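Got some structures for you, see below.
Two complexes, one shared chain (chain A), two partners (chain B, chain C).
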Partner chain A sequence: MTPGKLSLAVRSVAQHISIIDIHGDVTGAADSALTDAYTSASTSSTIILNFTALEYMNSSGIGLLVTLLIRAQRQGQRLLAFGLTEHYRDIFELTRLNEAITLFNIESDVLESLNISRI
Partner chain B sequence: MNPSDQQPRTPRDAENWAKSVDRLNVTGTPTGALHLNVQGRQTLSPLKGFGQLWQKTFQATLVGSNHTPAEIVRVWKERFPEFQPPENRFFPSVTGVKPGEVVLINASTPGGIMSTGVMVMYSDEDSFTLITPQGHPESGWVTFSASQVDQNIVLQVQTLARASDPLYEVAFRLIASGMQDRIWQHVLTALAAHFGAPAVVTLTKQCVDPRLQWSEVGNIRHNAQLHTLIYTISSRLRKLVRGNAT
Partner chain C sequence: MSVLTVPLRKLIRRNPAPASVRAVETRSASVLSAVEILPNDPLYSLCLSASGVIDLETLRLESDAVRQLRTAGIRLLIPLVNQGELVGMIQLGARMSDQEYTSDDLRLLGNLAPQAAAALRVAHLAYQQQVEARRRERLDQELRVAGIIQQTLLPKAVPSIDGWQFAAYWQPARTVGGDFYDFVPLQDGRLMIVIGDVTDKGVPAALVMASTRTILRAAAERLISPGEILRRANDVLHPDMPPKMFVTCLCAVLDPHTGRMQYANAGHNASLQRTCDGVIELRARGMPLGLMPGMTYEEKETILAPEDTVFMYSDGLVEAHDSERDMFGMKRLETLIGEHRGGDALIAYLRDALFNFTGAEWEQEDDVTFVVVQRHMQPSADPESGDGDSTVLDEFESPSEPGGERAVMERVARAVSAVDFPPARIERLKTAVAETVMNAMEHGNHYRADLPIKVRVQADARRLSVFVTDQGGDVPISQAPTPDLEAKLAGTQSARGWGLFLIKAMVDDLHVSATPTDHTVQLVFHLAGAHDAK
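After this line comes the complex of A and B, so read on.
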């Protein structure tokens, strides 16, 4: 399987709350990019993963999300996510990630749950 | 953009993943397999076990191989049990290594025979991943892959797992971790030999989470080693009683 492209962007939506926008393929090749994005967001107490533009994910990619989650938990940070299609929600269920990462449908839902309005 | 606003389309990885299931269902027991501790069990994940979370990466390089990663992984799937050490017997279903299929395992351990299994969580042309159920010594998954690096092929086994319960955690710290390492080293060596190449297997270990998850201590009630031991003793006692009765 030819690894596809991945681009990540980190944006701050409120004090101590950051969103990582994931665009493209999450595979084992995403390791350093995900680590860099997490480092950029690491001063936030809540990190939100935006999967709206996720195009492909393999088992190595889901492994990276597990290690990212563990890292965040050890730092006392909360990890949330939105934008997963039904297919990727099923993968989160299969791998039990849905029990550790609270999932929302769209960005406004997650921001509303955090009592912040869109910037 | 709201995902529901997008045109519905089939994801590129749709055929690669198993569907989420509440409980495992084994359809038919392969000849010679002891089938315990799998039917009706739930799959676990690296998040659900008790012990420290470890990522172990075993690699072997086929120097200047003429084979493609896809060719190698196809053979790896088709002949998966043949590359295991003799004490670790794998019984794939007749369908083979495909997403959602269950592979039964009969392993000889210092604690006796252990009957357990795994489910194929993911499979594509260059890799496949097995996820463990309740009762398996580890809670997590293992990914087998091959990749092209310059003119060489890198064979890899990568585990991301923690011991499922306190008994297994003690066993891993005392002896089982080394035994597991030797199993995956054997697998890579046997696979490389199949393709006519000697293999030097490297191992990289990383403790992803040193914490013990005491909330998962109850996993011990599913312990496949204990359940198999009880089954073995009780079946021998039944045979003994029947022998005395005749």
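After this line comes the complex of A and C, so read on.
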């Protein structure tokens, strides 16, 4: 994928649970795409961010995640994530985002914690 | 009718004594000779008190002026009095028709007098204003020249010594001032650094400043101890110092090879040293120069470690007031110096802090002067940097454009593969480089395509450095508040503002330096074996 490009896909894995699959770079340029994806998933009470195909995330991208988190909290939604590399896990810990977005290694771990089997 | 008028120049004398009043000739053939009326002549007093026309034929007054006027053929006097002052006089000879003056003539002249007097007064005041304006203009011009001459007495450039950075700021409250600073290379390779403040402001202070600077330089030719230099300068200055004037002065002698700085202080503000452990005051006892003869000056010394900064300043900084009459103060200065990394960027940082504190309407109360001395953490001067032989792994420019940090990050990562850099730390390096480059492109070069950023990757035996230079010049990095997720979620802090926080968390060390045109951030990563990797 070309650097700076991002594609997002939203899929529902159970009632009121959606996964946003992130492919590419989460930077300041991802603002509208991320907002659109969140809006598509906004009927869910639990939104899971799939970072398995994340290539690069910078401080502006972290800022967007914080904005997303603020919206989710206002809507009473839960935000979870999986697939982060060790480096980005470190960054989530440094920024304490891991305290607001529960992290899992892989998708099945998240689904297991939610007591649902993969569709 | 012949008319005589009073010369204006008699009316603009600066002498407060009453001007004598004298008629002048006009170019008319019928004008009679001028007659001067001295202030001590009784006629002068009569003119001040009389109302209307004075007929000299019927006047009974023992007066030289009256006799001279009669001899000159003057028949009538019409004093021009305005606000109790004799501003002029109309002197009339006989009518050309040889007829007597009629009562209508006298009434006309009587009515004319107050109007003529008022007009003369206005002309007089306008002339005085012109003269005063010319005098002020000449004084202003002289002051401007004095200011230019005074600036030539200050160093034209700061010293350039490998491993050190020097910077200075001088802003007099008036066109000329009493503050000064100086850098004087000594014969043994050391450098004398002086900052001083003459009591008072303006021209008297500037003259004393000029002689003090000369005396200090002369003393430094033979002496190399700061205490001795001040002692000698005090003894030379004291006999000729004008009453109620003296000079506070801080004199330091720096050995650039060792970082040892000896200093003595003649009643000046103690300088501040910023070290890795905090800010300390460099105090030494001594009386101001020129107050008393035979003074001695306590001498002390400090060592400037790499990255240490010594800040010298005049009281115009700490004693500046804001619109509420609160003072800038020492505490604020110490805090600001503790927050900043030093170097010449500290000058702009403190100047901005001062202007922010005082506000745009500030009328500068006193001269403001700073001198900054910083020891660099350069490979050649840094004992921590191993053998000092560094290799440039890559050096390139990159256009400033949104998203441009991504390519720079990847290129730096490729360059680093040439050294023994733990793969686990590559991602940290990439994030630090990307964030630094993004800052440089956005805030330094404002994403202008014609302003590329410069990147240099170099390594020695102990550490890897990535230098990122933008063309933002000597502008301090904005000190965003430390990001706090809870505050951000509560909406009391912006969701953004993570960049500098991330950079600091990713690197082992971070240095910022600036020139008037460039701004460079150095990211330092200790290499395996030299330091416990993060």
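Here, the second predicted complex is superposed on the first by the 116 of 119 C-alpha atoms of A that agree within 3 Å, B and C clash if a C-alpha of one lies under 4 Å from a C-alpha of the other, contacts with A are read in each partner's own complex, and residues count from 1 in each chain.
Keep in mind that, in the parts below, a contact is a pair of C-beta atoms (placed from the backbone, for glycine too) under 8 Å apart; a residue touches a chain by one contact, two chains touch by 3 or more.
All values derive from a computational prediction rather than experimental measurement.
Taken together in the superposed arrangement on chain A, chain B and chain C clash. In the superposed model, A:Glu93 lies in contact with chain B only, and not with chain C. Using the contact criterion defined above for the overlaid structures, shared-chain residue A:Thr52 touches chain B, although it does not reach chain C. Shared-chain residue A:Thr85: touches chain B and chain C both.
Once the two complexes are overlaid on the shared chain, A:Phe104 sits clear of chain B and of chain C alike.
Stretch 271-279 is the one of chain C that runs into chain B, the other listed stretches 271-279, 289-297 or 361-369 having no clashing C-alpha atoms. On chain A, the surface touched by chain B in one complex and the surface touched by chain C in the other have residues 56, 58-60, 63, 66-67, 69-70, 85, 87, 90-91, 94-97, 99-100 in common.
Contacts from chain B toward chain A in the complex involve residues 1-4, 6, 11-14, 16-21, 43-48, 53, 55, 121-122, 124-127, 129, 131, 141, 143, 145, 158, 160, 208-209, 211. Partner chain B is touched in their complex by these residues of chain A: 1, 52-53, 55-60, 63, 66-67, 69-70, 74, 83-85, 87-88, 90-91, 93-97, 99-100, 105-106. Interface of chain A with chain C (complex): residues 3-4, 25, 27-29, 56, 58-60, 62-64, 66-67, 69-70, 73, 85-87, 90-91, 94-97, 99-100. Chain C makes touch with chain A in their complex at residues 402-403, 405-407, 409-410, 427-428, 431, 434-435, 438, 483, 485, 488-489, 491, 494-499, 501-502, 505.
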